[in-house]
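Next up: the structures, one after another.
Next, two complexes with chain A in common: one pairs it with chain B, the other with chain C.
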Partner chain A sequence: MIGTHTVIKLFVYLLLMGFAGMFLIPVAMMLFGSFKPDDQVLAQAGRLGHLLPAEFSWYNYRDVFARVPFARYLFNSAFISLCIVAGGLLVNSLAAYAFARLRWPGRDWMLMVVVALMIIPLEAIAVPLFYEVTLLGWRDTYWVQIIPFIANAFSIYLFYTFFLGLPRELEEAARIDGAGPWRIFFRIVMPNAKPVFATVAILNLLTQWGAFLWPLMVTHSEAVRPLPLGIATFYSLPPLQWGDIFAFGVMMVTPVLLIFVLFQHWFVQSVATTGVKG
Partner chain B sequence: MASVELRSISKHFENGTQAVKDFALTIEDGELVVLVGPSGCGKSTLLRLLAGLENTSKGEILIDGKNVNQATPQQRNVAMVFQNYALYPHMTVRANLEFPLRMSHTPKKQINSRVGEIADILQLSALMDRRPGQLSGGQRQRVAMGRALVRDPSVFLLDEPLSNLDASLRAQIRAEISRIQKRLKTTTLYVTHDQVEAMTLGDRVVVLDHGELQQIATPQELYEHPQNSFVANFIGSPGMNILPSGLIDRGDGRLDLSLGGQQIHLVPERQVYEKLVPYSGQAVYTGIRPEAFATRSKESSIELKTNVAAVEFLGHETLACLFLPGTASMHTDQPLVARLPGQFQQRGDDVSVFYIEQEALYFFNKAGRNILMEGSGNPPSLAGAVS
Partner chain C sequence: MTSADHQPDTRDARQAWLFALPALLGLLFFVLLPFVLSLIISFTNLRLGSPLPLEFVGFRQYQRIFTDQAFLAALRNNALFALIVVPLQTGLAMLLALLINQPMRGMVIFRSLFFMPVVFPLSLVAVVWILVFAPGPQGLLNQVLETVTLGTWQARDFLHDPVWALPAISLTSIWQGVGFQMVILLAALQGIPRELYEAARVDGANRWQQFFCITLPQLRNAIIFVVLVTTILAFRLFDQVQIMTQGGPNHATTTVMYEAVSSAFGSQQVARAAAMTVVFFTIVLLITLLQRAVSRHDKVIE
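Let's turn to the complex of A and B:
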């Protein structure tokens, strides 16, 4: 006989599976839809029995390359994201180190400002920032998409909390051993902060890889536009082919997914140690 | 190797804490001096000041006669072993040992030979490719010492290096530190809160409390002739029992000591009598080391009646917690502790009588100063006949 406890458990699991399905089905639709002929993509949408394609076709993928300069978008996204991630790791970690370890006038006030900056979304400052980059003559360049995003308050805060937890004696031992501040940072602090570097890199990469609003405001040529603007061109490129959009989506997501899988161990470790929710 | 001189060193922190007050100390070339004191007494701050990790608020630090107040840790050529060893976790033992030499741009050949030499001395040769996380506590400790010694420092600083080790390993490493220091003859300042370490390691021991120097002396002098009640209580395990008491001059070279409601007649030497007489009629504190208690009388012994509150049998000796009516220990509010050889049998609830030789009594004034050491180096003996 099935007890009440088992029934409740069964109900809870079904509920959870329902929620999981809500998140997973769109991803599955994108993936499988990208291999379907275009006329079947929307026609079969909403019918779970037809989620898998009758036969797998690479047609949509070939079509993407034929209709839009995907390689250029991919390069642009990779270059912009790489510059932001690399520059951000350097700048934000150094800033955080200064907050965590150095003594300088106004440090605590500046830290408060940095923390306060975390709550200001890009949308709130997009227009003044747009005017600023226009005045500088940076529009429609790579730099306009890179420089404003290198310094990042949230990254600084993540580094700061991690550095506070590093034993100070390591740096003091290095000082006594004759290392200067730069050597201490690059030879002692950085190698011991790999998890937080991985976390910041992945979080920044995910944010920048999907950036849409700012590139839309400041770029107009395909030469510098990133992937999210590339996918948007399909909506204004008749005929509207959902298979192409899905194929583009799969190709856009795959690189970051691979990077996440490769570095997830460090990422999870850092989230656990810093108590930060990804 | 070098001599070290600390002249009137004071250190105030930004939060208003005064960690060190007007501290002075000279360490001779090749000497091992131990800095001992309770937690928060400023001993680690002193070490950090000497290392150049903190700046002095006042005073001068001289290494080999040169003022190093403004010098960086590297310029001072000091090496330090930290309490938690501070080994670089991402480097192998070899890389840890090589690091200080690399920082001073030592040629590769010289690095290899020096690291090999230190690894041999500290028996680390088999561990060179391991990382600190793969080492035991004792091995990590040896690597930390190796990293400090590898560049032949002028001064070797050790900040509670044994506190993370278990008791047996601590004794072993303590002996090893002593052996290495004697072999290399490096001027060494060793910080600990453990008075056993201090007494067994130091050529001289510096006792510190609340940032102030209490006494500098050899371990034996500290034990036998403490300058004040803090040193008397801190040195020794268990520390000296210090009890409120009173002295009354009987006028004929004799004194009456009032202790826990008991009147004890003392017949001190003339010199002692003269030092104690000014305190006649005043409250003083009487110090008795736990090991001064005996169950048999000697010629110059005084008699002390006590109740035995508890007995702890430790095998080769017994610790007895004693209670004197109307008396509380000055420092700990604990009962008196007597350390007795072998096994001590408590005889029911009756009063137990213990005997203490007069020369084993210490007297401290209200300020805690050892009355018998006032105005002289070593105190006179209290030995005399009991009336």
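Let's turn to the complex of A and C:
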């Protein structure tokens, strides 16, 4: 009995290791390749036995900074993502609170509209939105990449369902003490709603850090372009040097990867929430 | 609410509006308005910088795109991509979730590993996988296949091969996205009450019977959700195509969004691009309605 159990365990581990290999190898190829001289990257790319570099060199990393404005892309991505995340947290949680707790004419049908808007992906409106921002003269700026994405129906929905689940007693007590809705929101609701704030922040950060389609449509100068466009440009910039591209990739993913490692539990929780709520 | 506690309500209502206004304005101008515009524009001849006067042309844009070989290929490719990715990704996510859910040591590490690619931007993943799919000795996949088949594998240029390019993009997408689905299924899996399994064991059900009679039915809504999300993602396919193949070779990997963006840019044909995105949205809507119908059906059974 113990025998079959151990065999099953061993089998599960073997399977998991196999899959782990599949997930790790491309990442390892990128990470180790970024430290190799360029001719070695290509010569060894197909050989799993030669994943590790013979010696570590920072040459590719210096080369990235010499060839493209990496620091600029990084700043742009960070600035745009942070503005959307911070602005979105505030604006969408406030709206959700109005839907969940305050009484105002038009609330119920507007909530229905917001829920309906959730199924419209960016792709479905990208073309007219592109036309709209062209008319506004917003193309090739920061705010064209920020402002349209602050209000977010799905974020409102996530906040809304969370606020509905909060016990009302604390808010009622504060109201009796004479606190207005703003004070109640910032002093009582917000501190009790950390999980949903973390969820919304993480989901938006992931989306924005990878944003590609929209920046591609509305920007053309390096001054405002984010990292995902940076790597696409870099890839098409001759001469094609894989060591450089991998170094770019490592630097591009490190910030989100660090946040992921630090807040792993929240990431997993956030994604799981989308499933439960959806 | 009775009128008793409605006394200070005009002030309350005004404040409530202030709470909601920024988000509502944002949604109005950047979601609802463009959505309505896309419908209207798709019935016009709108073209950026065109000297022609703007006029309504009825269904002409739709007639054009549905007789356009590239757009029809795009629709086919999106459908094919969904047919490859949805079952494979959902199945793999399910397998990984089941493995990780075993009460064994080290599962958190594996969970993190499988989830890790989700935080990688698709553009980066696409670029890295170009090298994985490279022809000749640099190509990792070709090398691995050659080793596995003991040298009988004919190395090929996956991304420039009309048959292999789309499956190659599919593999890339699955690698990046499967962790997302896995985590959702894992959460659902952990939400199944243990008593159900204990009762089944008492009744003498074996592992397979437990899986098919308890696990799968209990996961039903989560699976439906995962399938829905993956299908919609399949129709949104753009980044990987733009970076890995530019729709080629010979339209073998073009997608609805790729055609829409090309129309809006290459030839500034905004109306034509709008018509394509309306078709795209109709597909998304149909998939969503289908999911709702199936899920509701489930509730009726309960």
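Odds and ends about this structure:
FYI, the second predicted complex is superposed on the first by the 243 of 278 C-alpha atoms of A that agree within 3 Å, B and C clash if a C-alpha of one lies under 4 Å from a C-alpha of the other, contacts with A are read in each partner's own complex, and residues count from 1 in each chain.
Going forward, a contact is a pair of C-beta atoms (placed from the backbone, for glycine too) under 8 Å apart; a residue touches a chain by one contact, two chains touch by 3 or more.
Note that this is a predicted model, so its numbers are computed, not measured.
Within the superposed three-chain model, A:A179 lies in touch with chain B and out of touch with chain C [touch as defined at top].
In the superposed model, A:A151 lies in contact with chain C only, and not with chain B. By the touch criterion stated above, A:P191 is placed in contact with chain B alone, chain C being left untouched. Here chain B and chain C are compared by how many residues of chain A each touches, and C touches more. In the superposition on chain A, contact is made by A:L94 with chain C only, not with chain B.
By the touch criterion defined above, A:D39 reaches neither chain B nor chain C. By the touch criterion defined above, A:E169 reaches chain B but does not reach chain C. Touched by chain B in one complex and by chain C in the other is not one residue of chain A. Residues 167, 169-170, 172-179, 183, 188, 191-192 of chain A are the ones touching chain B in the complex. Those residues of chain A that touch chain C in the complex are listed here as 9, 12-13, 15-16, 19-20, 22-27, 29-30, 42-43, 45-48, 91-92, 94-95, 97-99, 102-105, 107, 110, 113-114, 117, 119-121, 123-132, 134, 147-151, 153, 156, 180-182, 185, 206, 209-210, 212-213, 216-217, 227-229, 231-232, 235, 242, 245-246, 249, 252-253, 256-257, 259-260, 264, 267-268, 271-272, 274-276, 278.
Per the touch definition, chain C reaches chain A in the complex via residues 1, 9, 12-13, 15-17, 19-20, 22-27, 29-35, 37-38, 41, 46, 48, 96, 99-100, 102, 104, 110-125, 127-132, 134, 136-140, 142-144, 175, 180, 183-188, 222, 225-226, 228-229, 232, 236, 238-239, 242-243, 257, 260-261, 264-265, 270, 273-274, 276-278, 280-281, 284-285, 288. Within the complex, the chain B residues that touch chain A are 51-53, 72-74, 78-80, 82-84, 86-90, 99-100, 103-104, 147, 151.
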